Amino acid sequence: MGFLYALIAAGLSLIFGLMEIVNFAHGEFLMVAMYLAFFAWALAGLDPLVSLPLAALGLGALGWAVYHGIIRWILDGPMLAQIFATFGLAILLRSAAQFLFGIDFRTVDEPLLAGRVALGPLFVGVPQLAASVTALAAFVGLYLFLSRSETGLALQATAQDRQAAALMGIDTQRMFALGWGIGSACVGVAGGLLAMFFYIFPDVGAAFALLAYVTVALGGFGNVPATLAAGVLVGLVEAFGGLLLTPALKYSAVFALYLGVVLWRPQGLFGRF
Amino acid sequence: MAPAGTLRPVLTRGLLLAGLLAALAFPAVFTLPFPRHVMIMIFLYGALATAWNIIAGYCGQISLGQAVFFGIGAYTSSLLFRDAGMTPWAGMIAGVALAVGVSQVVGYPVFRLRGHYFAIATIAVGEIVQALVVDWDAIGGARGVFVPIRRPDSLVNFQFHQSKAFYYYIALGLLLLALAVTRRIERSRAGYYFRAIREDQDAAAALGVNVRREKLRALAVSAALTAMGGTFYAQYILFIDPESVFPLSLSILICLVAVLGGVGTLWGPVLGAAVLVPLQEGTRVMLGGTGKALDLLIYGALIIAISVFQPGGLMALLARARTAGSAR
Amino acid sequence: MSLLSVAGVTKRFGGVVANREVSFDVAPGELVGVIGPNGAGKSTLFDLVTGFQRPDAGRVSLDGRDVTGLRPDRISHLGVARTFQKLKPFAGMTVLENVMVGAFHATADVAAARATAREVLEAVGLGDRAEMHARGLSTGQRKRLELARALATRPRLLLLDEVTGGVDQASVPGLIRLVRDLHATGLALLVIEHNMRVIMEISQRVVALQLGQVIADGPPAEIVRDRRVIDAYLGETWKA
């Protein structure tokens, strides 16, 4: 699960690093991706693993559209407007899902991958395992893209210093839109993977989004590689918190971890000072 | 322009007085429960949003954990009433004391954080508290608490089964109290300090403002008013559980009411409540609570529109309309 | 006794030493200039004196009293005010309200604070802008606003970070005159300034920083002849 958290959080982190806006609708993006995967399966018979590129593309387009439709207008607005614009979007998406699809839990039955395998002393579900591996691969891909490709470097330059990047001839508007596209595509992949073994319902994003915020804050906003470590950490704390405490309290353990870390190191575990 | 300058305060005052009289007379005209219920909810959400406005609108600290204080108010008075037979009024005071205490203990470390980090930390606190209450069997856990029903209706028991009129006036009183407190802060040194912190806390500190102490004060006032709202809610609905008084969605709803109306203004939160609550209750009745979430759909769209086009909320729209009107 | 005494103050950020064993004094009523190339640690020094940063070593004292590491608001109440290089107006408040925040130093009474604020605004030449929102001011006016806010706390020592930086040429003489007038009232000032002509003209003493260290401390006439200062800094700017 840690890798999935990391992938979800990476999208969030990318966007924040780029323009210091927290997308509070990130969890709802995940939900949209899961429904996409579900309907690809229900209507076209495509397994979530097969429709993964579709989810990534669809979400990328959504992110791009959200940037141009909403975000670019509030870039220099007050923080309240920034927070509540995406909150509003979250509510809109969630209630739209509820309105269109109802509140029933849906699942993708008979996925391509099923069963469990023994991994040392632990039994792990095959879909979960496949999801972890794919998430990790997507994450590495994202990292390579950001650190090696020209566009990735341009993105990073924009994150470092908007004005300087603009002076260097980088189209920052395009970069921002691209950031939203890529960040959302990450969550698209994560949603597609999650759809293989998790219930799909309108509120599904909430819990994941909260964990994503925690992960991002732990890793230091805007620091994509550190997000991976933080994601794994959150996954572990959640798992062990669930074992040691009652299951209801496992999220509390994660949140307590967050509070402890931000208060001790306000810049996140791995943030540059 | 001279007469207009002297006329305006008189006009405003007259308008306020008329509004107050109308609010007082409302239950006499509308005797059915539903319109009264809608008004009660407007007052309650108006008061809660006004309380949030003090910490977030004036002081600039975007707390997304107001439900913690609401829940504390609701649980404290209800448990004291059920288990110790204490009148909910005393329970309300106990709830306020507890909420203020919690606000200071939590606020002290968390106020070191700024901006988004602070907002997310308040969500984290809220989620932790909710999970703890769910897990705490001695106070009902996830099953919640039924407030014991006492007849006949009495002010001491804070229960009125015959008519909603009493609830109506108590809710109105709560809102007026919240507004009066805000007004007082606005016109005192604290109000200037709060706004200075919102605009730039470093500059405020350089001018001698004890930033953390002022934030804690703002949060204490906000927590106290929110806890009172919690007690009121518990006595009005007579059943509470973690899902109804501690959820993140309540915290966010409180903010949205204020944001819609206009943050950092006295009347914004009331205006926001007056728009959102009827919308919510209206769609609930029309669609019969089928879980279609149409109200939320409209809400979300409204909030995005407000954020993008008019971050000042409806109050800013009104102000613009007024200046346009007087320019003509 | 000196009003402000900085003794052996060191501040590191990660591996970078922003201030290394910086020592100097400011006497009551004295006007001291601080010069140095970008990154010499001037603003960090201000942060250390006003409590926004805590030094890793050394001590800062006011009237002989150790104030090292006190919170900014405490320092402010001891009579030290400052402006910021990157201006920090309370943008959503009116000019008058901005200054009132400083004026609440001495009183909790709103009317009294308003009266003080008006007085100060007149003194800095912003009297006619009192009801404007701070975000509507020009850069030069914002500098004056920032000055007015600081003055409203009735300080004994005022730290000015870049008096003329970023201001159009026409506004410079007015700002300089303002600083001089303030000094004439007996206020002690510590002034960071990039414009060499200005700093040499107004300062009684100049402290030169390079790479976080004090490389010279003396009257302007000596500073301009100091070999190390010329090498470090003046070489290009002074001639230009």
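By letter and in written order, the chains are A, B and C; residue numbering begins at 1 in each of them.
Just so it is clear, a residue touches a chain if its C-beta (ideal position, glycine included) is under 8 Å from a C-beta of that chain, and two chains touch if they have at least 3 such contacts.
From a predicted model like this one, the values you see are computed outputs, not experimental measurements.
Asker: For the protein chains shown, what form does their contact graph take: line, ring, star, complete or other?
Answerer: line
Asker: What chain is most central when centres are computed from CA atoms?
Answerer: B
Asker: Looking only at C-beta pair counts, which chain-chain interface has the most contacts?
Answerer: A-B
Asker: Averaging only over C-alpha atoms, locate the centres of subunit B and subunit C and give their separation in whole Å.
Answerer: The mean C-alpha positions of subunit B and subunit C differ by 43 Å.
Asker: Calculate how many whole Å lie between the centre of subunit A and the centre of subunit B, each centre taken as the average of the chain's C-alpha atoms.
Answerer: The answer is 32 Å.
Asker: If you look at subunit C, which of its residues touch at least two other chains?
Answerer: Expected reply: no residues.
Asker: For subunit A, which residues are shared contacts with two or more other chains?
Answerer: none
Asker: How about subunit B: which of its residues touch subunit A in the complex?
Answerer: Listed in rising order, the residues are 56, 62, 109-110, 112-113, 115-117, 119-121, 123-125, 127-128, 131-132, 134-135, 248, 252, 255-256, 259, 263, 291-297, 299-309, 311.
Asker: Where on subunit C does subunit B make contact in their complex?
Answerer: Spelled out, the residues of subunit C in touch with subunit B are 50, 52, 71-73, 76-77, 81-82, 84, 88-93, 97, 100-102, 104-105, 108-110, 113, 149-150, 152-153.
Asker: Could you pull out which subunit B residues touch subunit C in their complex?
Answerer: Checking each residue of subunit B against subunit C gives 187-189, 192-193, 195-196, 198-200, 202-211, 264.
Asker: Using the touch definition from the top, list the residues of subunit A that touch subunit B in their complex.
Answerer: 16, 20, 22, 70, 73-74, 77-85, 87-96, 98-99, 102-103, 202, 206, 210, 213-214, 217, 221, 246, 248-249, 251-252, 255-256, 258-259, 262-263, 266
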